[in-house]
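Pasting the structures in now, so scroll down.
You will see chain A twice below: alongside chain B first, and alongside chain C after that.
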Partner chain A sequence: MTMLIAAVSGLGAAIIGFLVLQCRCSARGPLRALGVGFVMTFRNLPLVPLLLFLTFGLPGLWTALSGRPFPRGLELTLVILGLALNTAAYLAEIMLAGVTAVAPQQVAAARSLGLTPGAIRRCVIYPQAARIVAPALASRFIHNMKNSTVALVVPLPVDVMEVVGQAGRIAGQTFSWAEPLIFAACVHLLLAVCLGHVLNRWASLEQARIGATA
Partner chain B sequence: MTISEVAAILLFGYPLPPEMVDPRFPEFLQRPAGLLLTLLITVTSLLIGAVLGTVLALCRREAPEDPHADIVERCLDRAIRVSAAMIVEGVRGLPIMLLVLLVFHLPFRLLGLRFPSFLLAVAAFSLYAGVYFSESMRAGLRSVDSGMYQVGKVLGLTPRQILLRIELPLIYRTMKPDLINLTVTVFKDTSTLAVVAIPEITYVGRQLFMSEPVNYAVVLIIILIAYWLPATMLSALATRAEKQRAGLAV
Partner chain C sequence: MRLDLASVPTELPVPSTMVLRLDGVGKRFDAGPIFERVSFNLRRREVLALCGVSGSGKTTLIKIIAGLVGFDEGRLEIGETDVRADVRYPNELYGKIGVIFQDHNLFPHLTVLGNVTLGLREHKRLSVRQAKERALFELEHMGVASLADRYPATLSGGERQRVAIARALAMDPFLLLLDEPTANLDPERAEEVCERVLALAESGVTMVLVTHNVILARQAASRFALLQDGCCTVSREPAILDRLRYRRV
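Right after this comes the complex of A and B.
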């Protein structure tokens, strides 16, 4: 479940982050301000109160405002949404760094070749930007996986609980805290090492391609 | 309850019963809670973390090969470096929530030791801050030209003097944005302490919700603002420091 939460929220974060990037690169002022505001808001909010707000505060506000009861069974979705928003803010920042790192002469060159702005972004900027920031993106995804443990503050149904939450539940039933926690720690270390290995490999491949093209 | 009462409790925790207050000292010092405790834990663990991080970074440093070192010294050197690396990588691989749970439960369950919970909280976050501090310091130390070390040696400085007088001032500016970001991270992550019943602001919010007829959403919004404002200001500082660093590199 840790892996599923991490994967879904990571994917969601990538999509939201990309949209925010589009906002921040756009020529329209309000849209840009929206992007900046999004990053500023969610980068500086801690996850625990954020998830608590999404799962406890939001339903209360919903009923107060609309007078209808909040739909049940949305906890997991809200947790994933919270994680995705948090990671997306960081990802957008990293992507922006990548986009600004692409040399402006390349954009000028592409424009003089007659490429449309969309084609410039698709074929010139994004591929290079992705390669430049690949290591930073990789470490953010690992952070996202580690952040999924924060989901334990939210009362999720047992079958969708992540590993530390399960450890806590077992500890509560058996009154032994050491073994489940050590097991959960081992799982996390293993996951972090494996995911780190895979993502770093991908990042170094991407970086090697910069070297090959440069 | 009015909003201001809620905010006051969130900032300073629940007031102590009057018979427990020692009139000689200000009340908030006697049992810190709320945002005050959050800040206290953040600052203390950053300070301890800086010391710990420096030690870890120095342990892992690739020292210039000493031709006169015998085999025992070399093995010792290797052992220190490997164990420091294991601590750093181990803690970095763990989520902070899990680290907090481990620090709070293992000493008692395995060894039967009990500590005050404030100490445990500071220990967990010092470890966390120390490890990330050491990584940033290691990167900084690597960026210092090795010629500096040799110059210092030629001038007759001891290794400690070289570190304090030459290298640390040099890497301070490269480390500054990372350090501010680390402060923000530690500040935000102290909210995980709510799961082990440390009365920091998130936990006090929960207490309020359990014991008073307040709207939890409102309480949580106040808490989020209390985290968000300082974090945003620090982030702005970090961005400025980063620009300075970029200017330095050019």
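Right after this comes the complex of A and C.
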């Protein structure tokens, strides 16, 4: 379940982060302001209150405003949404740093070949930016996976509880805290090391493939 | 891969006799004007060598002609398109003016072939096969077809510059702008690039050649422009280049 939460929230964060990047790079002032506002909000908002608001505050607001009960069984979705929103704010900033790091001469060369602004972004800027910020993105995805433990504060059903939550549940039943928590820590460590290795390996292989120095 | 050379166009399409006309073009930065009232014409198959000391605005002028930088006064005609100060180039004009940058600006994440086919696929909308054929023809022409699968970071300076020339020529430009193509190259690599530039000039490609290499300028160009102290003087006599004054530091 930890892997599922990390994967889905990571994917969601990447999509939301990319959309926020589009807003921040837009020529239209309101869109840029929207992008800045998103980052300001979700980067500065602590994750625990955000998750508590989404899982407790939002259903309460929904019921108060619509007069109908909030649909049941959405806790996990809301936890994933909270994680995705939080991580997306950081990913958008990392992506923006990558985009601005691409040399302007590259854009000039692409423009002189007759590429449209969209094609320049798609074919020249984003592929180069992705390689530049790959290590930072890898760190952020690992952080997102570790953040999934914060879902502990939300009373999720047993079958969708992540590994630290499961460890706490088992400890509550057996009155033995050490073994379940050591196991949960080992699971997190293993997943983080594997994910970091895969992403960094990809980045170094790409660098080697194009002949650039790492 | 075998090349079907018969299917590859070898003639550069030219819109009219007059390819380029600058009329009183001026550009200023915050610190003041970099040049003022630059005026010259360039006809089909002519090669103009543009010389001047570093900082005189040669690269800026090339970028203005390429539509990469705006200008503050005057008028510019590219082919049949009239561009005035503070007016953006029409999109269709990009891709028809080939630019070879001083530091080549190849895309590091693409192979040599990928660099040359990018504009063909995205601007000219050629199929992958057609783009590859066209690109390999130009690479062959520049003597770097064997490097098609290599990445720019693994090439020498001279090879990169030849790939950059192939990339620009593959787009069938009616005007080629070369910004110090032999800069940053050792004498041997510079010689290789000079030979290619001279061959292009002899084959009738219309060019503006920015260079500090007076010998190359004299050999390749039919007209000469000197950009100095904010003014541009144009002549058919190469002797004008003798007026070039390098500042002592």
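The rule is simple: the second predicted complex is superposed on the first by the 206 of 214 C-alpha atoms of A that agree within 3 Å, B and C clash if a C-alpha of one lies under 4 Å from a C-alpha of the other, contacts with A are read in each partner's own complex, and residues count from 1 in each chain.
Following the convention adopted for this analysis, a residue touches a chain if its C-beta (ideal position, glycine included) is under 8 Å from a C-beta of that chain, and two chains touch if they have at least 3 such contacts.
Bear in mind the structure is a predicted one, so any value in this text is a computation, not a measurement.
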item	value
Touched partner set for A:L61, first chain B, second chain C, both or neither	first
Which superposed partner A:A192 touches (first chain B, second chain C, both, neither)	first
Touched partner set for A:W177, first chain B, second chain C, both or neither	first
Touched partner set for A:R209, first chain B, second chain C, both or neither	second
Which superposed partner A:G114 touches (first chain B, second chain C, both, neither)	second
Partner touching more residues of chain A, whether chain B or chain C	B
Partner chain in contact with A:Q106 - chain B first, chain C second, else both or neither	second
Partner chain in contact with A:T41 - chain B first, chain C second, else both or neither	first
First, second, both or neither for A:V124, with chain B first and chain C second	second
Residues of chain A contacting chain B in one complex and chain C in the other	none
Chain A-facing residues of chain B, complex	90, 92-98, 101-102, 105-106, 109-110, 184, 187-189, 191-192, 194-195, 202, 205-206, 209, 215-217, 220-221, 223-224, 227-228, 231-232, 235
Partner chain A, residues of chain C touching it in the complex	63, 66-68, 91, 94-99, 101, 103, 105-109, 118-119, 122-124, 150-154, 167-168, 171
Residue ranges of chain A touching chain B (in the complex, touch as defined)	40-41, 43-50, 52-53, 56-58, 60-61, 64, 146-150, 152-153, 164, 167-168, 171, 176-178, 181-182, 184-185, 188-189, 192-193, 196
Touch list for chain A against partner chain C, complex	103, 105-106, 108-116, 119, 123-124, 127-128, 131, 209-213
